[in-house]
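In order of appearance the chains are A, B and C, and numbering begins at 1 in each one.
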Amino acid sequence: MISSRMPFASVVVPAVLIAIAILVPILHLSTGTLPTYAVSLFGKYLCYAMLALALDLVWGYCGILSLGHAAFFSLGGYAMGMYLMRQIGSRGVYGDPILPDFMVFLNWKELPWYWWGMDHAWFAFPMIVLVPGALALVFGWLAFRSRVTGVYLSIISQAMTFALLLAFFRNDMGMGGNNGLTDFKEILGFDTGADATRSALFSVTAITLALAYLLCVFVTRSRAGLVIVAIRDAESRARFCGYRVEHYKLFVWTISAMLAGIAGALYVPQVGIINPSEFGTGNSIEAVIWVALGGRGTLWGAIVGAVGVNFVKSWLTNNFPEWWLFALGLMFVLVTLFLPKGIAGLLRLGGIDAFNRKSAAAEAGEARS
Amino acid sequence: MTSAPRTLSRRAFAGIAAKGAAAAALLPTLSLGAGQALAADATIKVGILHSLSGTMAISETTLKDVMLMLIEQQNAKGGLLGKKLEAVVVDPASNWPLFAEKAKDLLEAQKVAAVFGCWTSVSRKSVLPVFEQDDGILFYPVQYEGEESSRNVFYTGAAPNQQAVPAVDYLMNEEGVERWVLAGTDYVYPRTTNKILEAYLKLKGVGADDIMINYTPFGQSDWQTIVSEIKKFGSAGKKTAVVSTINGDANVPFYKELANQGVKATDIPVVAFSVGEEELAGLDTKPLVGHLAAWNYFMSVDTPENAAFIKAWHKFIKNDKRVTNDPMEAHYIGFNMWVKAVEKAGTIDHDAVIDAMIGVSVPNLTGGYATMMPNHHITKPVLIGEIQGNGQINTVWETPGLVVGDEWSDYLEGSKDLIADWRKPMNCGNFNVKSGKCGGV
Amino acid sequence: MLRILLLAFLLCFGLSAETRADGFDDGLHLLGGKFDDVERGVVILAGSGDQRAGAVLAALQDNRLMVVAGDPPSFFIRQADDSLLDAATLQPAGDAAAGAKAVRVNNRIRRAAEAALGTLNLSSPNAAIRRQAADAVFKARDGEALPALEAALAKERDPDVKAVMETARAAIFLANGQGDEAQRLQAVETIGRRGDPDALAMLRNLANDTSASIREAAAASVSSIEMRQSMLARVQDAIYGISLGSVLLLAAIGLAITFGVMGVINMAHGEMVMLGAYTTYVVQTLFVTYLPDAANWSLIAAVPAAFVVGGLAGVILERTVIRFLYGRPLETLLATFGISLILQQAVRSIFGPTNREVTSPSWMSGSFDILDGLTLTSGRLVIIIFCLAVFLGLLAFIRYSRFGLEMRAVTQNRRMAASMGIRTGLVDALTFGLGSGIAGIAGVALSQIDNVSPNLGQGYIIDSFLVVVFGGVGNLWGTLTGAMAIGIANKLLEPFTGAVLGKIILLVLVILFIQKRPRGLFALKGRAIEA
């Protein structure tokens, strides 16, 4: 069922994203119909969408259920946070030109080595992909080489996130402990609070998401992409066919982690804080739910799922503060029960029965491994 | 080999349509917000930003209820400036970035006159840039580490000098304590408080050998090792006390372990800064009698104001077993101050109210007055209480006068030269008295 | 200082019975004043030797002494049944007690009262009270108690109590520089035999003693105690580790069934534990209301109740949600995560967001010394035993009962089991109910050491999964080994690295271990792993 033509969505999704990347700043800055509040909120949703995209790449296409993507997201966020923190310079409350405020009042005398260079964008921005990428490479190399799969991989990826959460909570780590990094002033010389910067950040996020989407389309449509799907459906068979399964897995896993890192980096200046609770295991699970809800294995489904769930969550926490958890929980249960293919599946329903049957077989195959 | 995900057919178009629909759904809500703002002319909106779910719900839900009660009472008295007050409750769900998002929503979409909210330091840090940017007003009701003074925040909880330092003085003078365990959860409030206390104790001639500092993660539930270390540390022949800055949730297992290991208050008293009636409600306090709490309000305080407050609270919450605690009093004070400042300014305009706040004085629940100082902190009495068998805390000592909250600690290297004064002409949150300049250095 | 002088004064001049009675009244009246006055009053009461003093001091210590202001104020003792006795006559108080308020005490007063009672109670007819009194004297180490102690020692027949009294006397000798050299040397030996941190501190203080022989004896004793203590510390850590391990095991064992045997990733497992803890709270409340005499045993009744509640919740969950998701383990994760959100919020709505109080029964409070300075709290011991009982019970149930047989059959080959006439649907539901019910039981135990709050389950879910995966999915012995290994390793690391770093190191170790053995400690072998 592989169609040789470009799928419709791979044109439409980037087109829509670029359209809103242009439209939103216009609506926000010149006409003022969009409040700043909404711009930042949608920017946040798009960051989540990119995280969902990254997760869909490994889970939907390679069958690796990661419960640790929040870790890559947060590491990217921290790299950006460190850059923004250094940009504060002497505008901190203590006016120290080098040390961030939290170091001053905890009596740190000098900047730890891992903060060196983070005041330069040319150094800090590559770190956004390199740090999560490196962690993913090491973790993946260990895990895939020794053929840790399925639930085991999920659980140890969760353990990894939890260990990072605890580590970043420690004040001795020099990352601001529980409070994390906050009170940013400017990014690349622009005031982070200014409306224009907010709009620009939104546009950058939307465009980056479009690019990330295209990258994912490219990866999944490439020859390697075919092997990756083969690995998802029958890992042993792919291995017996002579493919180096762990190399393919490591490749897609690392790309996914880097994408998650970029998502985190774009997220931080828009929400204004990065702290260890972003590593929380609940966050990773929620990201999985966005993907499941949107439709696992369809790239645009992941985007729709992330934006949709978060929009509903924002709306519920405002309008039904006492009841939103019931609604959200019920939504997860009902979608899992009645929409096993997510929103994407719902839109396809009634179309190709054969498709459903085949993918059900694929699911069963995966469940067994 | 199936490659289901790649079969994006024309049906994908429907997906795009769905996305469009989601975006379209956003627009009405936005305009809905604007519509509410228009309709809101008849009422004054008050934002309540406390977690109703997640880990902090345990402490913060009560504060939401107390705010609803205070607003109801004010409306019964005829409202404010001839208008009714309207509470806008949102749930930031113990999620720190969500605090910032909700704060933005309250200020920009709902256009609230003031926000009462936050509990943890990180939630306050998260919303701080939002309040400064949008020039909002936040009342923060919880004891905290200090080292902050924002033009847009009014700190109605205790600063370290209104809690920690007097507590240590009490233990030193009254109990003759010579050896100190500073035990806390590893986050900024205990870290700062312990830094201050360490400097203070050393100033008082306590040797470094006689101070043990211990940090534990949030939600620590296994205290066996630490309690036995405390026991060991305390058996060196000198009178020992524990100064606990352990965070809410971890306290119950900590006290349970203390009780089980037989650490009695007469041997090693524990003085805590985050333990109040609410936390004790989950505990059998009989083995804990005599352990101490340092705060600015206890439910057991015997004044007519307090009796009236408790009565109103029980009636509002429809449960006469519910306790009252210090942050509730802080909201009581903060709300009354805000009401008074609005009446004084004659408007809810943020700038006018912020200027009018300084110097406002309202009765507290312990029989005195709380005054808003130019550094946006308030005056408080400091009470030292002992835990009783019935879950209450009885005052055993209190400062003779009121203590002014000290935002920049004198005992910390970085902040000893700083002061805050939000009156004109200084109008600065971090004025350096040595250099005579605003901005830290 | 004041009270030592006062007491010395009283003792030296051998006051007559007459003045002693006055002493009682004087002391009593002081109890109505400020803390300084109260403390003086306690000392005077203790020195009065009056029969009533003991009752008054005990009441003062327990916050049962009431006062009606006046000149002089009158005092009353609140009895266990809330009736009041006149403190001066020890007769039931009439209307005079109206408006009585409790005398305010603080730790200083409690300590003074405890020390004073120690001296008074040394001659109690009850051996247990005498022992307690001697302990109090040991703790206070007041030279003033020496004469009373000597007198009591001369009369003492019970060898245990006598030993405690001798230790107390030795402590007084060493702390106050009393006694001659031979007595002090003997005291060093007695204290050295105690071998605990208290003894260590006392002996260390002798480093500057005037007598060389005492200095040497003390130094020798110190080094031997130190060696013992550092060895004992490791043993203690290991015991703490077993205790932590059994908590982990309790939390994980239900998961070992739902996840390990059935392959359901039950994110709502923690909430089943929480339901068990809340059941404990409800059962306790019912006992206090309807069966106050048996309240001490409500915890026992809570065990089956929690099993039923957890099990029922599990069966409902399985029948309504999970049975539609078999063969899709990762989707059970999503659905059960939703369930866990709903359950948390439901409990929050019903019971309120604040902690609920579950009291520890008397048989679970306190601690006992295993060896010198090596203590284990009763609560922890009960949990260890309880945990092992649950584990062995479960093991036997699965091994020997018919249901256990059917359960294993369904797990191993569902189709074959079905064709043998086993109702697989029913077995699934009951298996899930069993796992959830055991999670509920775990909640009963956790209510004793942790917060009973809606968030209770969240704290254990990651650890539980880790234990099951580490031990090897589908193997209960693996779960036991995994829990104990993680618990003990955690506690052995903690003294060196601190709680947080220790946990991080442990997580990394487990991750690395899984690389080495991708299917856990006790992996199922053969084709089964691919099925």
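A few notes on this one:
Note that in this section contacts are C-beta pairs under 8 Å (C-beta built on N, C-alpha and C of every residue); 3 or more make two chains touch, one makes a residue touch a chain.
Computed from a predicted model, the values in this text were never measured in an experiment.
Distance from each chain's C-alpha mean to the overall C-alpha mean is smallest for B. Counting contacting C-beta pairs between every two chains, the top pair is A-B. Taking each chain's centre as the mean of its C-alpha atoms, chain A lies 44 Å from chain C. Distance between chain A and chain B, defined via averaged C-alpha coordinates, is recorded as 33 Å. Residue positions 344-345, 500, 503 of chain C each touch two or more of the other chains. Multi-chain contact residues, meaning those touching two or more other chains, occur in chain B at positions 52-53, 186, 215, 217. Annotation for chain A: residues 166, 169-170, 322, 325 touch two or more other chains. The part of chain A that touches chain B in the complex is made up of residues 1-3, 7-10, 12-13, 16, 20, 34-38, 40-42, 44, 60-61, 90-96, 102, 104-107, 166, 169-171, 177-180, 182-184, 193, 220-221, 226, 229-230, 233-234, 271-273, 275, 277-278, 297-301, 303-304, 307-308, 311, 314-315, 317-318, 321-322, 324-325, 343-344, 347-348, 351-352, 355, 358-359, 361-362. Residue ranges on chain B touching chain A, taken from their complex, read 1-16, 18-20, 22-23, 25-26, 29-30, 33, 52-53, 89-93, 95-98, 100-102, 104-105, 108-109, 120-122, 125-126, 128-130, 133, 147-148, 186-188, 191-192, 195, 215, 217-218, 412-415, 418, 429-430, 432, 439-441. Considering their complex, residues 259, 265, 267, 321, 324-325, 327-331, 333-335, 337-342, 344-346, 349, 462, 465-466, 469, 473, 500-501, 503-504, 507-508, 510-512, 514-516, 518-520, 530-531 of chain C touch chain A. Across the complex, chain C meets chain B through its residues 35, 63, 104, 106-108, 110-111, 114, 139, 196-198, 200-202, 204-205, 236-237, 240, 243-244, 247, 344-345, 348, 352-357, 359-360, 365-367, 375, 377-380, 448-455, 458-459, 491, 494-495, 498-500, 503.
On chain A, the positions that touch chain C within their shared complex are 65, 139, 142-143, 145-152, 154-156, 158-160, 162-163, 166-167, 169-170, 236, 281, 285, 288-289, 292, 322-323, 325-326, 328-333, 335-337, 340, 363-364, 367-369.
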